[in-house]
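I'd like to ask you about the structure that follows.
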Amino acid sequence: MSPFEVQLRRDLRLGWAGRGDMAVMLGFFLIILTLVPLAVGPDAAFLQPIAVPMIWIAAMLSSLAGFTRIFSEDVRCGWVDQVALSPLPLPLYVIAKAATHWVIGAVPMLLATPLMALMLYMDTSHLPALLLALVLGTAALTLLGVIGAALTEGARGGGGLMAVLVLPLAMPALIFGALASAPADGGIVTPHLMLLGAVLAVLLAVAPFIAAAALSETESESGA
Amino acid sequence: MFDYLANPARFMRIADRLFWPLVVIATALIGAGLYYGLLNSPPDYQQGETVRIMYVHVPAAWIATLGYVALGLCGLFYIVWRHPLADVALRAMAPAGAMFAFLTLVTGAFWGKPMWGAWWVWDARLTSMLILLFFYLGVIALANGFDQPERGSRPAALLALVGVINVPIVKFSVDWWNTLHQPASLLRSGGVSIDQAMLVPLLLMLAGMHCYFAVIVILRMKAILAERRLTSLQLRQAAGDGR
Amino acid sequence: MSATQPDNANKSPAHDSLVRDAGAPPAGLRVDGVALVRGGRLVQNALSLAMVAGEVTLLRGPNGSGKSTLLRTIAGRLPAAAGTIECDVPVLYIGHADGLSPALTGRQNLADWAMLNGLANDDVAIDAALDRMQARAFADLPVRRLSHGQRRRVALARLTLGPSSALWLLDEPNSGLDAASSIALDDLISDHLKGGGMVLAATHLPLGITHSPRTLVLEDMA
């Protein structure tokens, strides 16, 4: 087994052990979307046009809730130190972390999306486009979350700080994602989806190295 | 040259020598620019007197944008060459740049109310400036988000770098999203499309406000360096007392 | 590792891998003129240290004198503010943190670490390592259920899995250990030195090892 596969398997194990945390993320996603009709009223005429944007915003906010924990445990317990001394390059370690976080955090959210789309009276013909865009969008968001988590590692008040860092960076993904989720002509692969893919590609190239650079020097928690 | 300037003491000497000339130049240029801009230039044939907001708005927008690029460069120098001064410059520049981004938005609102009939319009350029302001706030928050301030340096530098990569993407995505704003009139492929009588004060203000920005940054850098010396003196004293 | 070269996400080549080719040239650690900064404060200046195979050095000094910072810097986890550090043997680092994920068992943690480094990770090897620190009895419990001393023992068991030429960087290795496991650790270190390994340890507690250690005292730089 290659070092990358070892780390991936370890993270999947850890993710499974901490699945309660991920269930909280999913619950957050569902609750945000439940609040929408309570705020704007139950009328389908109001809800239908904002269903797609609200699903995107709920996906962004609930993802944010899970990011603070991506590296904190590994840094605190010293595993990152051991990885840094091992043959596994830190950027690959970051990719393993991002991949498992996406699988455990975003996939349940994607599975719950059709249900929420129905409850918000979304035009179901857009559902495939929405899901495809969300797959790319949540992946892009996870990579931004990995950057945010690495940069705020050891900071005070990680959660709010994380939002201030990650959400502005996520705006291009939100713009293209929301546009790609409601295609005008019914086609699924729109220019917006491709642009979202381009954003994801840029992040794939950049995020692991930025996050690794942030993790490459961390002071130990209690060291003196 | 960077090694030469990276020495804080030497930097302080050079900064001290540049400081007052810069203050004088900034005052003179801004004074002349305001005189021509407010009193001695024609109103626009479409926009009337409100066009004069441009003399503050446009330089502020330039500084906010260029300031972010400079922030990214500071980040790069700090990450790659570990220059402590790059970190000081980054910390000095971020709030100053944020202030100019904010100024751009406020003057834009003053201009937008009479021209568009609304304080705020979700137009592409306004929106990207707002997002730029958020980027600035993120860097400021991260640089100061750690119990030990110097631990924020590396993350903030990295974030500034990421932000610079992201600025064109944001610009492009927001343009795609919506555009109402009038096209840029100063830098355009067809040459300058602005009357000479307005161009002169605009250029004066551009140069003057950039000098003003430099003045603020130098002032803040000196303050940060002084603060650090104070902290290290206090620490040394504490260590001495502890014996 | 040179402190002046850009040290981004890449690790210094000296620490690339725990697995090295046999027949390497005379191995050792050279710390030359290193300055350490912690919390924005210079804690050590012009620190030098040289070690060759079979040597043990103990770091002593008051709190805040930079013992942990030096170990972290040699491990490549912090930059040296000045000076150079060269190390041409594999490095095993056990810091204040044990490097064990609380949600996984000690055995899983140990096996993952061994696999990550391309070392022997079969049950026999892991059991043998655990036995050296008398840690097999609780190795199948999640680490979060273990006491501080028990975690330390699992973490120290890692040392026996590494190559015999390795430099061990140990930060307070015997803190929290009971008498029996302290002796086990002493034996571990003695055997490692006999086999041509190197040990650099920061400790307040005495180590009962057979080799006579050199001591490096880090003065408080006020």
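As written, the chain order gives the labels A, B and C, with residue 1 at the start of each chain.
Rule of thumb we're sticking to: contacts are C-beta pairs under 8 Å (C-beta built on N, C-alpha and C of every residue); 3 or more make two chains touch, one makes a residue touch a chain.
Here the structure is a predicted model, which is why all the values come from computation and not from measurement.
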{"item": "Relative to chain A, chain with the most remote C-alpha centre", "value": "C"}
{"item": "Geometric centre: closest chain by C-alpha means", "value": "A"}
{"item": "Between A-B and B-C, the pair with more C-beta contacts", "value": "A-B"}
{"item": "Centroid spacing, where centroids are CA-atom means, of chain A and chain C in whole angstrom", "value": "36"}
{"item": "Whole-Å gap separating chain B and chain C, where each centre is the average of the chain's CA atoms", "value": "47"}
{"item": "Rounded Å distance, chain A centre to chain B centre (Cα mean)", "value": "31"}
{"item": "Where chain C touches two or more other chains at once, by residue number", "value": "8, 79"}
{"item": "Junction residues of chain B, two or more chains touched", "value": "79"}
{"item": "Junction residues of chain A, two or more chains touched", "value": "213, 217, 219"}
{"item": "Interfacial residue positions of chain B with respect to chain A in the complex", "value": "79, 131, 134-135, 137-138, 141-142, 145-147, 151-152, 154-155, 158-159, 161-163, 165-166, 169-170, 172-174, 176-177"}
{"item": "Interfacial residue positions of chain B with respect to chain C in the complex", "value": "79-82, 148-150, 228, 231-232, 235-236, 239-240, 242-243"}
{"item": "Of all residues in chain A, those that touch chain C in their complex", "value": "1, 3, 6-7, 9-10, 13-14, 17-18, 73-74, 76-79, 81-91, 209, 212-213, 216-224"}
{"item": "Residue ranges of chain C in contact with chain B within the complex", "value": "6, 8, 39-41, 79, 220-222"}
{"item": "Residue ranges of chain C in contact with chain A within the complex", "value": "7-11, 15-19, 38, 63-64, 67-69, 72, 75-79, 91-93, 95-104, 108, 112-113, 115-118, 142, 171"}
